[in-house]
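In the two assemblies presented below, chain A is common to both, partnered first by chain B and then by chain C.
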Partner chain A sequence: MDRKQILEEVNEIFIDTLDDDEIVIKEGSSADDIEDWDSLTHIQLVVATEKAFSIRFTSKEIQSWQNVGEMINCIISK
Partner chain B sequence: MLFNLKDAFENTFVVTEKEYSKFLDLSNDHNPLHTDSDFAKSKGFEEKVMHGNILNAFISYFIGESLPSKNVIIHSQEIQYKNPVYLNDELKFSAHVSGVYTSVNAVEFKFNFKNLISKTVAKGKIQIGLLS
Partner chain C sequence: MKEIKSFSKLKKNIKKDFSGFSKVKLAILGDSATQFLNQAFKGQGYDDKLDLDIWESEFNQIDRQILDPNSDLYSYAPDIIVIFKSSHKLLSKYNKSTVLSRSEFSNDVLENISDLLSNINSRLNSKIILFNFNEIDDSILGGLANQVESSFLYQLRKLNYELMLLSSRESNLFLCDLSSIQNLLGKSNFFQPSIYINTEMVLSLDALPHIAKRTIQIISSLNGRQKKCLILDLDNTMWGGVIGDDGIENIQIGGLGIGKAFTEFQYWVKKLSKRGIILAVCSKNTESIAKTPFENHPEMVIRLEDIAVFVANWENKADNIRTIQSILNIGFDSMVFLDDNPFERNMVRTNLSEVCVPELPEDPADYLEYIYGLNLFETSNYSYEDNKRTKQYQTEAKRVAVKKRFANEDEFLSSLDMVSEIEPFNTFNTPRVSQLSQRSNQFNLRTIRYSEADIKSISESTTHESFTFTLKDKFGENGLICVIILETKSDEDLFIDTWFMSCRVLKRGMENFVLNQIVTFAKKYNFKNVIGEYIKTPKNELVINHYSDLGFKKNGDKWFLDVKSYQNKKTFIKINNNG
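Let's look at the complex of A and B:
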């Protein structure tokens, strides 16, 4: 799966988790850009991402992410 | 780790007159399906049907009181009501850990409720958070 495909998959996760078909996330997207991306939503996004990619993050990795791009870097590293 | 994949839990719950009455008062849902035996039978049920959300109260007990720790909070819950529950039905609740997400201190359970003839009356998923 290339980076573009991962971004598309992550976008679908955001759409599903936030229940909003209009969401379009970019590499630079963060919680500041997306309404309803609160702390509980963040947990749901992480859980959904771990399930979708069959991976597990560490809490340290999650805390280091500044935006979606850094999250994708982490997915690729697994 | 407090929870491991496939850890299993069981409980027995009975929907007695006490639970039914309290839920009627709490919800103010007096829909005839739940309160009128003749109405329920006319719709194809054996008797008046107990509110499905009484089972969610049992789930609340499971999460809040039955787990190895009280430091828990419900994040989300999905439930499907597969078959009716009637007054005084005894239900066997079974749950197992279906996912552990240590990065965000979350645990997912899959559960079901079965009646005395082993028919599934409800099933679903719960995600909880572990409070620090």
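Let's look at the complex of A and C:
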């Protein structure tokens, strides 16, 4: 799966988890850009992403991402 | 049947329309982060038609909120308080305790919990749901932890046991069994360490819907929504095979084929019946053939005497369940229907949406585990009396069957050979009178509740006259089913202070019979008026026209009956004078 496909899939996860069809994420999107992406929904996003890609993030990784791009780096590294 | 939903689905429920649902004020007190739990409760409430108004205390404020009389908890005054003390916090407390004190660890925690409960009880009438402790084995002693009293595992398990004892004593305390939910899901699904380390949340997102479901089930049952009746299909549900085709010697139950699955299922059904769940059969079969395994198969666990209503015919099951409902006179929403056939399940689901119809798994071997997981029969009370119910409903089923044969009501009533015994309050009937007084809601004109002590003082009062009525007919005893208390207001006026009756004996002409007795008494002591009163409650709509139906005339908010002109009403009930 290439970066673009991963981004698309992560976008779907954002749409479903935050219950907002309008969300379009980019590599540079951060919690500041997306309404409803807060510390609480972050946990939901983490768990939904883990399920979708059948991976587990470490507790350090969960905290580390500044934006969507870094999250995707992390998914690719798995 | 709704399966367990994902947390994100539950969360989506929160935006839906809750109007028309029962409102419940709920407080959540936790020593870990509970925001997700809050959302899961709210969302699960939607699926169970509960509009939860939730107040959540700030993180780790259990003691402060409960011990401070001026806290937000007390000003919120919830109907229900959920207290969630987590095993992780328990463990960290244990870790910090001195080695010598560890054998007493669970006692100290229990003392704290008891103290919290008594503080709540002194200020609120709330029901309390306490989560028990899911197990954590810190593996300091390996398997030996089981026999070393000071080990964490030992103390945690002891605490769970002590909580069971505590909740059996405290009538407003209910346990949400977190420990068994962790058993069901496995610890690795129940708890996600990476999330815990980041957030102080000790429940995984996958565990939340299970916990919410269990908690809401407790709340629903406290709100009077309990399943009362289990309706069973027969072929391939109660036994393997088709009785009409295979015959009694070839159906699978007990030793034959996969009979073990059905035997164990039947034991489960039997236990339900013993705890007061009414059993009914609804089967497409010829009745006489359908009954043969119950009568003659040596390995059947369930017998005909366990079944209150047995319906086997070739009509559609939705109609048959309507018949069962009319005989038992309980709500469709208190019924569970188990059938292996997807067509029948859909049929019932489509026509009777309130009946709970679980999707039974295809393989009968999976029936029990699946049903255990659903926890269909949550309840908030239990008494040994419950298991007498089947007999009473069987009798009622016979009456209904006989009634169908009579062209008119009078003929039917007179065929019942009804006899009533009338007695004043005495030491023998006082407990039953008091119990009925607490429980009668529908046929209760003034809904004044009397304790045993009240009943005793009424029986000694010179201005009060009491009557109790039993009713027996050719099908069986109904026991003490009606209570009247008359109060002398003046030389002329006799006031009906209390008139309540068990709904079991509706439509038997009992009202006429009772009024005849009241007026007979009034005549004997030269009263001019018998005066009645109806006090409206949310539950006694049934008797709103009671006094006008009986010929009383309204004056102000009271009802008057002229004693002199009263003609005895027609009744088919005879008085038993012999006692």
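The rule is short, and it goes like this: the second predicted complex is superposed on the first by the 78 of 78 C-alpha atoms of A that agree within 3 Å, B and C clash if a C-alpha of one lies under 4 Å from a C-alpha of the other, contacts with A are read in each partner's own complex, and residues count from 1 in each chain.
Keep this in mind: contacts are C-beta pairs under 8 Å (C-beta built on N, C-alpha and C of every residue); 3 or more make two chains touch, one makes a residue touch a chain.
Bear in mind that the values here come from a model prediction, so they are computed numbers and not experimental data.
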_Which of chain B and chain C A:58 touches, first, second, both or neither_ = both
*Answer with first, second, both or neither: which of chain B and chain C does A:40 touch in the superposed model?*
both
_Is A:21 touching anything from chain B or chain C once the two structures are fitted on A? First, second, both or neither._
neither
_After the superposition on A, what does A:32 contact: first (chain B), second (chain C), both or neither?_
neither
*Kindly list the residues of chain A that each of chain B and chain C touches, one partner per complex.*
40, 43-44, 46-47, 56-59, 62
_If we count contacts the way the header does, which residues on chain A are in touch with chain C in the complex?_
16-17, 19, 39-40, 43-44, 46-48, 56-59, 62-63
*Using the touch definition up top, name the residues of chain A that touch chain B in the complex.*
40, 42-44, 46-47, 50-51, 56-59, 61-62
*Where on chain B is chain A touching in the complex?*
75-76, 99, 101-106, 108, 127, 129
_Contact footprint of chain A on chain C as seen in their complex_ = 7-8, 11-12, 15, 35-36, 192-195, 197-199, 201, 204-205
